[in-house]
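Accompanying notes for the structure given below.
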Amino acid sequence: MTAPKSISRSLPSAVGVATVVTSRMSVQTPGTGFTDLTAEAARFLNDVGAKEGAVTLFIRHTSASLTIQENADPAVLDDLTTALSRVAPENAGWTHDTEGPDDMPAHIKTMLTATSLQIPVVNGKLTLGTWQAIYLIEHRSSPHRREIVLQFIGAT
Amino acid sequence: MTAPKSISRSLPSAVGVATVVTSRMSVQTPGTGFTDLTAEAARFLNDVGAKEGAVTLFIRHTSASLTIQENADPAVLDDLTTALSRVAPENAGWTHDTEGPDDMPAHIKTMLTATSLQIPVVNGKLTLGTWQAIYLIEHRSSPHRREIVLQFIGAT
Amino acid sequence: MTAPKSISRSLPSAVGVATVVTSRMSVQTPGTGFTDLTAEAARFLNDVGAKEGAVTLFIRHTSASLTIQENADPAVLDDLTTALSRVAPENAGWTHDTEGPDDMPAHIKTMLTATSLQIPVVNGKLTLGTWQAIYLIEHRSSPHRREIVLQFIGAT
């Protein structure tokens, strides 16, 4: 554990809150893997005139999930898929198997990643780091249509 | 990674934000397993007249956690319990063992799931998908009383 | 699953929302391990005059993450580090290895923990439980400077 002196903080900005804006996004996945939602989230903020606040992404499913991960080397996403499959392998004695061998592992992978993400917005922009992208992770083998709720709370 | 053309988005709704409403919920758990909080969260939104915004659930513990998971087949919840126990088994050489063999695995399971969840609310309703429920996961063997903070931010 | 009668809830408090306040925090990590951010988050709330609402912490990196965990026995943090290394070991056949053997495990550990946390605030105080602290987890071996966005939405 590090002492507090290793921590610094900038002067905060403060604005009035006025608005909550909600939208739904539909994403067609190609089967197991990652779909980058970053540009669409940025377009949403632009379309609604978001200035300062936070955007929430909420995925309405239990066999697909959300994460914020590296946007540069696609091998990272392959390795993340491998890592999830090692933690939640198929045919590992699961009792819920009526929807196919990829279904129960998909629920486990969803539990271990995120169903909701919240990202602060400043000057109308996501405050993501240089190497961060927002991804939907499809955990089922076959393509699915997935719904995500996008919501901005803050000043417009 | 999928191209942006696989993504569509609905026209957003926008309302004024007026209120933050906070409440505490106490849940008696039966020991290891899942307690469904969905109906109580919906009642909270109804009681406070929530219209559009987001509800946060925050659990004030480090050996119990939150997740959003399948609400249909109880076997899914059994398998999720099994999966967590495989990732964080008892008697696996943990150094923190003064509170019993189930304590350190409970901390690990909490870290790998969620301590806070945020769910958008539209027309006074949780925007959960058809198969989603909000669960408290008790990771300790014995029954515990757990506290959760419920908070709605948005228009009432 | 437990019946609803095991759940009780306090009367909610309601206040007007007025403000979103955003700040950035920079944290120098010592390499792999946990840095406690709780006191700094509390100072932020005090500095901005936060009364009731929610504070979000968002880490702008994909090889360091956030968690809320036990604040009492440092052995818990050691065991959490061990658990993450067991789930995401080095030299386990990852294809992304150009940034060193600790890099891909760091991405996996980030995916399995939290990039954003939201904590309700009441009477200007974090509603953390007695044994909870907010931690940054550095997953890389060497020291890094990490940026976190702190944001309060609510009444000031």
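To keep things simple, chains are lettered A, B and C as they appear, and every chain counts its residues starting from 1.
In this section, contacts are C-beta pairs under 8 Å (C-beta built on N, C-alpha and C of every residue); 3 or more make two chains touch, one makes a residue touch a chain.
Since we're looking at a predicted model, the values are computed, not measured.
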item	value
Contact graph of the chains (line, ring, star, complete, other)	complete
Relative orientation of copies chain B and chain C, as a Cα rotation angle in degrees, nearest 5	120
Centroid distance [mean C-alpha coordinates] between chain C and chain A, Å	16
Set of chain A residues in contact with two or more other chains	17, 87, 112, 114, 118, 153
Complex contacts: residues of chain A adjacent to chain B	17-30, 33-37, 39-40, 43-44, 47-48, 56, 58, 60-62, 74, 77, 87-88, 93-96, 98, 104, 107-108, 110-112, 114-116, 118, 147, 149-151, 153, 156
Touch list for chain B against partner chain A, complex	1-2, 4, 6-17, 52-54, 67-70, 73, 75-76, 78-80, 82-83, 87, 112-114, 117-120, 122, 127-132, 153-155
